[in-house]
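Shared between the two complexes below is chain A, which has chain B as its partner in the first and chain C in the second.
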Partner chain A sequence: MKKNIKFVSILFFLILTFVVMFKGLDVSKDYSNEKLNSKIDFSFTAKKLFNDEIIILEDLFDQNGISVVNIWASWCVPCREEHKFLMNLKNMNIQVIGINYKDASKNAKDFLNLLGNPYSDIIVDKDGTKSIEFGAIGVPETIIINGKTNNIIKKFIGPLNTENVIEIKNLINETS
Partner chain B sequence: MKHLKILILVINFLLNFNLAHASDLDLRVEQITKNLRCLICQGQSVYDSQSDFAISMKLVVKKKLEEGKEEKQIYEYLKSKYGEWIVYEPELNPNTFLLWSIPLILFIFGGLLIVRKVSIK
Partner chain C sequence: MSNYFGNYSLYFALIASLYLIIKSYLVSNKALKYLDKNFILITSIQTLMITISFISLVFAFIYSDFSNETVFNNSHTLKPMFYKISGSWGNHEGSLLLWLLVLSVFLFIFLLKSGSQNIKYRVLTLLFQQIIIAGFLIFILLTSNPFNMIFPIPSEGLGLNPILQDPALAIHPPILYLGYVGTSIIFSASLASLITGNIGEAWARHIKKWVLVSWIFLTIGILLGSIWAYYELGWGGFWFWDPVENVSLMPWFCLTALLHTVVVLERRNLFKEWTIILSITTFSLSMSGTFLVRSGILNSIHTFANDPSRGLFILSFLFILILMALTIFFFNQNKSKGAIKESFIFSKETAILVNNWFMMFFLSVVLVGTIYPIFLEVLNGSKISVGPPFYHNLLIPFLIPFLVFMSFGPSLKWIKDNVRKFEFDLFVIFLISILISYFILIKSEKSFLLSIPLIILSFYLLIITIKDFFSKKSYLSQKVSHFGFSLLILSILLNSLFSFEFNSNMKVGDQRVFNDKIIILKDVIVQDIDNYKSLKANFEIKNKNTTIPLTPEVRIYQQPFTITSEAAIKTTLLSDNFLVFNILKDDGYYNIRYQYKPLMIWIWMSTILISIGGVLSILRRNEKKY
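And then the complex of A and B:
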């Protein structure tokens, strides 16, 4: 009897451990914060890249529609890769707001002069704190925001590709 | 020689005095950032890391403290931006119930074993 109890309890413990570990395999670490319903507070100010004008972010974002935000830097190699896809978005008449992340303004301007400027507006994030409001962890990142609720509805971490561009276009068409 | 010794002592004292004077704000930033996971350099806390993300995060925490936010409010803010994963200490919810309860169960189980062993003797 005593032996049985010992055996059963060890078996139970092993099965429990197995189940916990096995379940853990399924847990994906998804860093996109789409599901968090995080609201962005647009009431802070930022400087524009080209004319040094200081604006409140609210004025930049479409309060009734969808806004596309792209966080980039001239020193970031994947940003160079995704640049042509941002130009595609521009050619589709989709406005992209750029956040220039921890960059020297001269380098940023040179980058855009060389490759073209896909952004409707660019704000400067010298110390990276503004990107945190958008829940960003690095560059490049593209964030789609619903202006009515100020929620992030979609987030692309890393450089965009053709599929992402189509997805962004569909998202905008769906909601407008 | 004696003068030199005194001078060294004085300099040493002043340096240490500066160190002890680290502001209360910095200490609170340190305390909070030690409990934040650096999302791009896992295994390190935001406090330990020198990545761009961690440096900005420290600034944000400092700014929030200066605005008069409480520690708990800062955690809530960051959780709303990055999810619960950003904080090292997991919340007690149905998903983490087992995690929190297993030590307690083992403690009770172990206690029972000891009691039984003692009473058999």
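And then the complex of A and C:
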């Protein structure tokens, strides 16, 4: 009897794991157009890094085209590696909105003074809640938003590389 | 042409597999006097077929046959030959074919080497192993066939990713797979021995070799992976607690526990069920590793391109195997029950049990950190990120009791040892470790309360393991592995305590002073090479009496416009010097990042020592027992 209880409980746990993993397969990892039809609400307020101005996040987005959002922190080592690719984007005249994730503002400013500032605007996300609105799971992450529909159309988890930079440029060229 | 060869030999292998499953199942219920010669014959034909298939793929890569979709996606005519060959298993389809090849080769070796074992046991092992092989064959043929053709034939391939062209990464997957797949034999064999009821000393002696082989390959595989991360990714670390890394670490913990438990089974005929549970778990973890990496369910910097049908197949297959194993376990568990033996608290058995508890604890922490985010996302849609602090906070404090146990556990006697009286030499060693640690920690600025006992204990353990080389109470293999392990812990601790980083902006001729080092930027040489412009900077790092030259490089590609930087790493016995630089604006300033990493090479060396211990244990001939 005792043996059966053990067997059944392990079986139950196994089935639970199976169901979760099965569902997990369906959870999309790249947020493509057809999977995220619903409009996301980006109309929350945030503080800018350099002048402490309070703005509504949505206003930063290009209402007729594509916006690029990059989540970064000065303490994140891969962000440092990624930085040159963001500078590449800047050199191509692509505007990148930075979200400074769980960071001390002095360190963030030092980081940008040292390496250069690739961002058109930077907002502060001291407790990490604003990044969650974008579905971010860590830093760095780069999110592409279609301003017309407020949809996330593409998401890059981890540091950007050359191929990603080309992909972002192509995405912007397609829409404009 | 090679496409057809490769493809059809896989179908032949599948037919052989299905035949063997049916045949061995029918035979397994009968009393057998000898092993049917056909079993070995058909298995060898199957192994040959899979080998042909694999070689065809390698040929397609060597001759850049772009009519093959896998080659087209992953190769390029300009790739060096070495990377063309390694490219054949560097992708999803090819790597699965390699899995399959290793599976069948291992089974073949098992059938040849297990002649002294019970016939029914061998037939059943063949049956379970063939079920796994058939599963993988169907998976490959249905969802990831490496021999898909494309028409019209493209003139050039797509794969020329420089970051993947690294010798450590080229041999990392096959070595890791040898470790993973080795656990499949342990899995099949333990299920077979459950049914036949022959779990005991003789079985333990026979399966121990397979445990050791898998463990050695897994250790080396993990080592190569972190060497690649350190030199190629250039983030200045060797372990990032990335899910893909964790997935290879979990079976390692389990296999290390099994390695110790199997010795108890061999010597004392104890822990029968526990050995079987560990065998099943180890293989399940290896398979889950494949599932998690290949299905794309994880968010990781290394996740590979994916397709949901693949994930679903591996997931279902994995659960069918686990379910089968559990059912067999629960309904046959009483067959091997031996007489209950008396055990004492102060004995080697208990010490090994304690080792197992620690391994299981480390395993659970890594498992929770890796799997829990998936559960949470599915159950309530919230996303969390589990990073290094989680693992460090949970693992590091438990290293203290672990190190204490490891300093005396291995030298305890079997059955019953006496509670030790005060031993003067151990006390002296302890004092020496405190003294060494004091002189080391006094130099460090960031010593925390936690790092003091850790450093003292790891020095203590290091001296104890060196002292053990002169005792006659254990095998050389054990001495080498344990010494390697204590060296590894010490190197990692000192490395994390004394690493430092220095960032600055410099122009040619500048020098910066920090700690006791001077960094000088002597000049920057600009050259036009092929399709990029190269900037090579000559740096010098001056210490009191040494000068280390370092020349990192920045490459500027015009089409498309990208800047990449190549770090300069100078490795010495005591430390690594790591320097990378970037272009800032056009005012002649460069941003530099200098890292000093002590004892890096010892982290690699000690891991090699740990596996050398394993090799010594396999090679051991004399059956003298300690």
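For this structure, a couple of remarks:
Here is the rule we use: the second predicted complex is superposed on the first by the 137 of 176 C-alpha atoms of A that agree within 3 Å, B and C clash if a C-alpha of one lies under 4 Å from a C-alpha of the other, contacts with A are read in each partner's own complex, and residues count from 1 in each chain.
Methods note: a contact is a pair of C-beta atoms (placed from the backbone, for glycine too) under 8 Å apart; a residue touches a chain by one contact, two chains touch by 3 or more.
Only a predicted model underlies this, so the values are computations on that prediction, with no experimental measurement involved.
Contact with neither chain B nor chain C is seen for A:Leu49 once the two complexes are overlaid on the shared chain. In the superposition on chain A, A:Val20 makes contact with both chain B and chain C. Of the two partner chains placed by the overlay, chain B and chain C both lie in contact with A:Ile132. Touch criterion not met for A:Leu89: it reaches neither chain B nor chain C. Of the two partner chains placed around the shared chain by superposition, chain C is the only one that A:Pro78 touches, whereas chain B remains out of contact. The partner that reaches more residues of chain A, of the two candidates chain B and chain C, is C. In the superposition on chain A, A:Lys102 contacts chain B only, with no contact to chain C.
In the superposition on chain A, the residues of chain A contacting both chain B and chain C are 20, 29, 132, 135, 137-138. Remark: chain A residues 20, 29, 31, 33, 36, 38-39, 102, 127-129, 131-133, 135, 137-138 touch chain B in the complex.
Contact residues on chain B toward chain A in their complex (touch as defined above): 39-40, 52-53, 55-57, 59-60, 63, 80-83, 85, 98. Those residues of chain A lying in contact with chain C across their complex are 3, 6-7, 10-11, 14, 18, 20-27, 29, 77-78, 80-81, 83-85, 87-88, 91-92, 114-116, 132, 135-138, 157-159, 161-162, 165-166, 169. Residues of chain C that touch chain A in their complex: 163, 234-237, 291, 295-297, 299-301, 303, 308, 311-312, 315, 319, 322-323, 326, 330, 333, 373-375, 377-379, 383-385, 387, 503-505, 557, 560-565, 582, 584-585, 591, 593.
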